[in-house]
Amino acid sequence: MNGMTVIVKTISSWVKVLIIVFGVYIVLFGHLTPGGGFAGGVILASSYVLLMLAFGRRFVEDNLPLSLASKLDCLGAFLFMIIALLGFAYGGAFFANFLYRHYLPGDRFALISAGTIPLSNMAIGLKVGASLFLVILTLSVFRPSSDEPGGRGV
Amino acid sequence: MSVFYVLLLLILIASLIAIETRDLLSSVICIGAVGFGASLMFLFLRAPDIAITQIVVEVLGLIILIRATISRDLTFISGDREFFGLVVSVVIILVVFLAGMEVLAGLGRFGMPVMARVPDAASAAYIEGGLEKTGAANVVAAVILDYRAYDTLGEATVLFTSIIGATVILRKEAKEALSEA
Amino acid sequence: MAYALCFLLFVIGLYCVVVKKNMVKIVIGIMVMEYAVNIFLIMIGYRAGGRAPIAAADDVLAGGGLSDLFVRSCVDPLPQALVLTAIVISLGSLALMISICIRTYERYGTFDITEIRRLKG
Amino acid sequence: MIVPLPAFIAVPLTAAFVLPVFGRRGRSAATLLANIVTISLLFMAVSSLNQSRSYEVGRWPIPLGINLVLDGLSGLCLATIAIVACGAMLFSASYMERYTAKCKFYSLFMLMVAGMNGVVLSGDLFNLFVFLEIASIASYALVGFGTGPEELEASFKYMVLGSIGSLFVLFGVALIYGNTGSLNMAYVSRAINESSFTPAVGFALSLFIAGFGLKAALVPFHAWLPDAHPSAPAPISAMLSGVLIKALGVYALARIVFNVFGISVPVAWVLVALAVLSMVAGAFLAIGQWDLKRLMAYSSISQLGYCVLGIGLGGLIIASGGSGRQMTWASLAILGGLFHLANHAVYKSLLFLTSGSIEMATGTRQMSRMGALAERMPLTRAACSIGSASIAGIPPFSGFWSKLVLVIAAVGAGYYWVAAIIVFVSLCTLIMYLKVHRYVFLGEPAGGQEKLDRVVEPRGSMAVAVLMLACLCVLMGLLLLPAVRAVVLDPAAEVLTSGLDYSRRLTGL
């Protein structure tokens, strides 16, 4: 799978930037507009899927290897957990929105508002993007092995 | 109001085709149509968050499903299960359906949310106090990431679990090549 | 009536899971059931002529409270939060199910569950 | 010591998020970390026995936020989960050397434990569903861990039926929300019992019974269990049979039926009927099996019937509205069911772990291809004998005491036929485990003497895990001593007998 023609490659490398910007926007403004970490994360993952279709799997794997994607996946989940635990430490309860209540109320309808909600959105966006990219890559990398007993071969 | 019925009928027809067609690829495409119908439905039901999430999730889900069906030699399927089992299961499902029809009347008229009927519903408090208590203008974001953030932790964990599970299921060698045994 | 159509969709999905014998078809049946539950939940929270539960700047009164119009016309946000969770859960289980299907196809060379019968009893 | 309730979920989840980062080279570190986590969970669970409190996540008062509820029943379940997880994790430290991706195995294991703890502690219906899904999805992946043809087939079957069960539960939650406008169990219970019992609530209850019945593998819904439990690696079989079906099935069912909907006579009869069917059918199907782990899986169905029987019988007596004397028998029956639940968790996980040792030593699960293992594997044989004696109800091992309590309660309340069934199924269980001993440990070596000579007893952590559970099996009978009973079993039974007080306590009305 070497990818498609030059036209497709050129266009998709431009479109990729747009998709990533859109995904980041959806993640960052999730507390003000529709969207949020999940939708944004899926959009981020789909930009890589587009690259995979245009340039072939090899290219994407060189840029974002499986091991790194899996580490990002763990990191995103871990960050979300850290936010919850910080709520325990500083806000008095697991998942308390300590930033909004005590430290950084922010202005209404501004980007920096709502305390931990944008932070949670970012952690979830990272986690969802990495994990969906990972699963699509794993599914497309998978080739039936011919030497295992019971394997059918290609 | 009628737009909901049109969309629901569309979804029903698409899902029937998806279930009954013999070509796996067309059935996957029909399930895509169901998903997009559902996404439109969410949009008209004033749930833009869900509509966006549904549409992007649908795209990725379709990619995953097509990955499973494409380039398999046998995408056409033939024959159904034996007649007797079919009849029995259809009868059981019909009974479940009729029983369910009886109880849906208790839900009140469509378009009348439960929070308007029940006095101290949590949802009313979310709408009234969401902006003030959490600072998020999007009440749905306030619910999923502050009021019910613990659910969202669970949801992120479900995704994490299934991704780990998928990589485990698809790994190359399952058994360690034991040198001494 | 709208609820009934939704429940019909759920039952159609259940029929597909119980009757069909192709693995991908079974997965599709489960997806249909998931759609049905999601639409059902959102429909429970719908308010006729309502608006999305997202406050805009002109909904805020001078005193800092929300306008009465906003409070009375919003659709129910709680089912939307639940459905968001349910959608992601269904995507996760879809990924795992498809992985199992692909791996099974590699082992048996078929998606037909009547031919995949090594376990008995 | 007061353990903050989210710690029961946060500790295993954090471990699960960290563990996959350990690569091949970090395996021993990962093993150490996983064992430390299970052991600390055990300490936390034991120190939380006989406590009763509620924790509001995110400092939101219910019903706005989600609350975690610890009471006697959840404390008992937490302790059971932690004990079995501890044993299975110790066992897998060396057992899982045969497989690749060990770190991911530990991660999935931790996710499963976290999911079960979440289910047991949750005070919110939708939250219960979410954690149910975590534990179930982790278990689907673990059943297929070996990626052999049978494992994949079992995993797919399990996953399809499990997903249907989860969707039933979700639909039930949606119906409940549509009718009561709340998701918090205490508020839902208040709303249901203030208004009259509408058909919608009844339908939701039947959806819950079907959904959790699928998770618990009660007999009409049991098709996945005999495939899934044997196909998993042995420590996972121990977890699945030992605690998963109980935490996701029996516990959730009991909590919802007793504390949320309130027990009524027809529902109690449904529970008793499902239980009796499971006991009898499971026992009969088990006797015919030649696959060692499959036999144990069927016997799990039958033993699970005892737990549901105790709970259902207690509910039946309560719902029939008896006098004070009858109430004593009701709480005794419930106590017997819960005691049997804890006992079964310990001895069934012990039996599955020994079957793992046997499978590892002989390379087969077919009993016809084993034989005369008694000399080569004395420890395994001793452990298996203790486990079998317990499950068959031979005094003084643990299973005897819980069955005795059940029989006394049934006779005392006047349900003689129930007592007869309990004794009869117990005899069937004895027969099937005598069969195991006859063909596995005694008799002629099936593969010839030289094959027998290569069989070695497992050592190290596997032996420690088996020994620990075997000792527990002997000691579990002590739970009936009045002083211990007042701490462990009585508060748990009290939660179910008091029924709707659950909601009154939490909502403060």
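For reference, chains read A, B, C and D in written order, and residue numbers begin at 1 within each chain.
The rule is short, and it goes like this: contacts are C-beta pairs under 8 Å (C-beta built on N, C-alpha and C of every residue); 3 or more make two chains touch, one makes a residue touch a chain.
All values derive from a computational prediction rather than experimental measurement.
Student: Among all other chains, pick the one whose mean CA position is farthest from the mean CA position of chain C.
Tutor: With centres defined by C-alpha atoms, farthest from chain C sits D.
Student: Per the definition at the top, count C-beta pairs in contact and tell me whether B-C or C-D has more.
Tutor: Result: the pair with more contacts is B-C.
Student: If you average the CA atoms of chain B and of chain C, how many Å lie between those two points?
Tutor: So the centroids are 2 Å from each other.
Student: At what distance in angstrom does the C-alpha mean of chain D lie from that of chain C?
Tutor: 29
Student: List the centre-to-centre spacing of chain A and chain B in whole Å, with centres computed as mean CA coordinates.
Tutor: From the centre of chain A to the centre of chain B is 21 Å.
Student: Do you know which chain A residues sit against two or more other chains?
Tutor: 32-34, 36, 38, 70, 74, 77, 81, 84, 94-95, 97, 108-109, 128, 132, 135, 138-139, 142, 145, 150 - these are the residues of chain A that touch more than one other chain.
Student: Taking each residue of chain D in turn, which ones touch at least two of the other chains?
Tutor: As it turns out, chain D has residues touching two or more other chains at 13, 17, 20, 57-58, 126, 130, 133, 137, 140-141, 144, 147-149, 152, 155, 177-178, 183.
Student: Which chain B residues sit where two or more other chains touch them?
Tutor: Chain B, residues with two or more chain partners: 48-49, 53, 57, 60, 64, 67-68, 100, 104, 107, 114-115, 122-123, 126, 131, 137-138, 140, 142, 144, 146, 148-163, 165-167, 169-170, 173.
Student: Determine the shape of the graph in which chains are vertices and touching pairs are edges (line, ring, star, complete, other).
Tutor: Contact pattern: complete, every chain touching every other.
Student: Quick one: which bits of chain A touch chain D in the complex? Just the residue numbers, please.
Tutor: On the chain A side, the touching residues are 70-71, 74, 77-78, 81, 84-85, 87-88, 91-97, 150.
Student: Okay, in this complex, where on chain D does chain A touch?
Tutor: Counting only chain D, the residues touching chain A are 4, 6, 10, 13-14, 17-18, 20-21, 55-59, 148-149.
Student: Residue numbers of chain D touching chain B in their complex, please.
Tutor: 13, 16-17, 20, 57-58, 60, 63-66, 97-101, 104-105, 107-108, 111, 114-115, 118, 126-127, 130-131, 133-134, 137-138, 140-141, 144-148, 152, 155, 175, 177-184, 191, 198-203
Student: Chain D touches which residues of chain B in the complex?
Tutor: So the residues of chain B touching chain D come out as 99-100, 102-108, 114-115, 117-118, 120-123, 125-126, 146-151, 153-155, 157-158, 160-162, 164-169, 171, 173-176, 178.
Student: Over in the complex, which chain C residues touch chain A? Could you list them?
Tutor: So the residues of chain C in touch with chain A come to 52, 54, 57, 60, 84, 87-88, 91, 95, 98-99, 102-103, 106-109.
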